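You will see two complexes here that share chain A, one where it goes with chain B and one where it goes with chain C.
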Partner chain A sequence: MQRKKILNLLTFIFLLTVLKTNAQHESSEAVQHEVTQHDEHGKALTLKEQIKADIKHHLLDSHDFHVTDYLTFPLPIILWDNGLQFFSSSKFHHGESVAESNGNYYAISHNNGHIYKTDSSGTIHYNKKGFESNEKPLDLSITKNVMMIIITSLIIFLVFSSLGKSYAKNGGIGKGPGRILEPIVLYIRDEIAIPNIGEKHYKKYMNYLLTIFFFIWFVNLFGLTPLGVNITGNIAITFSLAILTYLITTFTAKKDYWKHIFWMPGVPAPMKIILAPIELLGTFIKPFALMIRLYANMKAGHVVLMSIIGLMFLFKSWIGSPLSFGLAFGLMILELLVAALQAYIFTVLSALYFGSAAEEHEH
Partner chain B sequence: MDKLLNEFSFGLFIWQTLLFLALIFLLRKYAWGPILNAVNEREDGIKNALAEAEKARQEMQNITADNEKILKEARTERDAMLKEAREIKNNMITEAKEEAKVQANKLMEQTKVAIQNEKSAAIADIKKQVASLSIDIAEKVVKEELSSESKQLKLVEDTLKDIKLN
Partner chain C sequence: MNIPEIVGAGLIVIGVGIGIGRIGGSAMDAIARQPEATGKIQTAMLIAAALIEGIGFAALFAA
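This part shows the complex of A and B:
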């Protein structure tokens, strides 16, 4: 919510900075504008605090879909709490009030954006570590992230199914917007799947590898738009992706894979006993590393980018602000690279793990 | 780690897993399957086309080589024919020359013989005429010599003088 205000502020300050020569006058106006911002307790926030809150808010999932302060879509809340609770997120008033459904009261924690069951006044209790101790219903709401996953999936589906259909119609040559992505499909097949998995077994993994690459890439790119979604920077998403890689690796594994884990050939017997738990642990660490890598990279990218954008407003000078703008611009381009790179890394490593599972050794 | 777990949303995890699996299955049926099939077919087509082009090139090369060979043979044959013709011509010329020489010699010989014959005939004729002339002259001379008695007597005397009786 503050984000939208900051956006307005941004436009305002930017216009003033550009158009006016009297920097003194304009910054005093900006300061006046700043102090009109308040936190949820009605306390006035400094610009720095606003930016900090804004970044934090951006990184979290949200139960509303807001484009600007004046254009916010409520999303459906679906809770499982002794029966299905279904209501609109507008009941929370952007997380500021308590929502009531079938005699139960729910509130959104500002700490992590999750819904907790509360008393009628919406009190959230915190434990010693500072975490919420209220009862937490199973939250199956269509949140902003879920919404963006659906939209991205639809876009991916439309682009590639139209490409898939165009081959038959156009005599084996792709047509339409998906065509520019065809080389990437081929790249994943020829440079990722075949070298890592092998000519013999790669086919059955192609569906997963292609889907995961384009899903992560598209979602990462959407994360860079002003829609401000941070899907892959969410641990639940990367956990889901990593666990799929883990499950596919485990369930398609051949005898050789397990043999190499529990009874490593070619080493002395005592070493085999020592290696077995290490190798077994390795099978969990690999997908865990996948999960953390994607999550941390995307989240860190968003934090740094937003901080530098925030700097523009803090500097309020002729030199500092354009400098931060240039820095943010450069970083944005870097993030575009990172978006593709992380998708690539996730796909390559998944292919590598599948390759080790499908491998048949000749001893 | 605690903060990470606190941030973890189980609902989001469920949605992501369900939607992602649905996406994989839909894409497998409507996108990756047809795309990979079409691409594979196209690649096979390209491979075949290349192989055929290579084959055609090879054939073309063979044909060119054959042509070259035939041309070369034809050239050799032509050269041989020319050479032969030249030889024949030379032979003919030599032979003709030879024959002409022989013929000429023969003609010359014949001519010589004819000339000889003519000459002989002419000489004989001349001899004859000379003889008759001589006889005529002798007759006239004798007639003249012996026209008188004294002369006849003198001749007898002279002749008798010459004839010495040995």
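This part shows the complex of A and C:
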């Protein structure tokens, strides 16, 4: 009973926030909402440029959670600029106006979505190459991507911890929604970890492999929902994932791994000298390829999908929308496959690298 | 985008296409010969295709 009451209260608060943000949104945007968009210089954009700008905007991280034009949540902004600056992103009015905090003024650049320190009128200066030359505070904000990562982690934590507890309670038989994932966990253990790392050492790496698989998979799937998040299509995030794999490979490596890099056994001495720098370079290229592969695949998928939806507006005849719908539908199914495939590839390749690190040869 | 970049991107796509196509074709041959090894062949095929794809993407970014 108690739990139900709390749930009702939470729902009520949620609805209130939505209504409040809606009201704010409509009143502030009603004036500016016209059919055509304008660029920074106030020039009207053509339809093609508008679609391009929309795709670019979608691929960027943002400071508010934009579901549709009528459902937007502000997110907290946390800046480190001579002390902590903490305020809500609703102050920016979706990047249209200047936010003031403790006597400092900040504005969002339309170019890359980053926050810059400005004067009270909010002008951003550009240098000759077209980059922003304003001072940039250290941005620790909870952006859209950060929020979705936190939500995904919570979902994974809740599903798997409840599944784990049910094993202990029911004498080895899982219960609850997490049970659908049980075959996948077994698959990762039996088909990915054991063949690539080996019976002896695989247990040490299992928790990382499972975490990375489910994290990438869930995050990719969230990218396909209308929430409009593009987390793995962000190179900073794939970079962090690849760095984790690199660090684990490097710090769990056995003597044989280093020996095979710096003094390859079984080849003539001059070749050993040539091979050592190549192998050393290889250790950096492996995680780099992991990073680029995931990032480029997800970003390319989003761009193609958005462009196909954009076709609907470019074809000015009845054929446009069924064609674009059909193509988008087919591509969406392909993207569902790619979402799982990329998570799988990342996990398999990580397991391969761990396997090479943990291997013990008997020469 | 100017012409060298477009031509370069096209060449990369041709190269990656040939590479992944050959892997796929060989995997089909192998599966036809030994249907019982399908799972293993698929895994190896995906890994090889992913490696080629990674290089292809790296080149596309450079172009």
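Quick note on the criterion: the second predicted complex is superposed on the first by the 315 of 363 C-alpha atoms of A that agree within 3 Å, B and C clash if a C-alpha of one lies under 4 Å from a C-alpha of the other, contacts with A are read in each partner's own complex, and residues count from 1 in each chain.
In this section, contacts are C-beta pairs under 8 Å (C-beta built on N, C-alpha and C of every residue); 3 or more make two chains touch, one makes a residue touch a chain.
None of the values given here were measured: they were computed from a predicted structure.
Chemist: Could you tell me if A:Val348 is touching chain B, chain C, both of them or neither one (first, second, both, neither)?
Modeler: After superposing on A, A:Val348 lies in contact with chain C but is clear of chain B.
Chemist: Which partner chains sit in contact with A:Leu186 here, chain B, chain C, both or neither? Use first/second/both/neither.
Modeler: First partner only, chain B.
Chemist: Of the partners chain B and chain C, which touch A:Ser324 in the superposed model: first, second, both, neither?
Modeler: Touch status of A:Ser324: no partner.
Chemist: Could you tell me if A:Thr249 is touching chain B, chain C, both of them or neither one (first, second, both, neither)?
Modeler: Neither partner.
Chemist: Tell me the contact category for A:Thr118 with respect to chain B and chain C: first, second, both or neither.
Modeler: Neither partner.
Chemist: If we overlay the two complexes on their shared chain A, which of chain B and chain C does A:Asn234 touch? Say first, second, both or neither.
Modeler: Touch status of A:Asn234: first partner only.
Chemist: Specify the partner with more touching residues on chain A, choosing between chain B and chain C.
Modeler: Here the partner covering more residues of chain A is B.
Chemist: Answer with first, second, both or neither: which of chain B and chain C does A:Gln50 touch in the superposed model?
Modeler: Once the two structures are laid over each other on A, A:Gln50 reaches no partner at all.
Chemist: Going by the contact rule at the top, pick out the chain B residues touching chain A in the complex.
Modeler: Residues of chain B touching chain A: 2, 4, 6-17, 19-24, 26-28, 30-39, 41-42, 45.
Chemist: Looking at the complex, which residues from chain C come into contact with chain A?
Modeler: 39, 43, 46-47, 50-51, 53-55, 57-58, 60-61
Chemist: Flag every residue of chain A that touches chain C in the complex, lowest number first.
Modeler: Touching chain C: residues 191, 288-290, 292-293, 296-297, 341, 344-345, 348-349, 352 of chain A.
Chemist: Which part of chain A faces chain B closely enough to touch in the complex?
Modeler: Contact set of chain A toward chain B: 60-61, 78, 111-112, 114, 129, 131-132, 138-143, 145-146, 149-150, 153, 156-157, 160-161, 163-165, 167-168, 172-174, 182, 185-186, 189, 206-208, 210-211, 215, 234-237, 239-241, 243-244.
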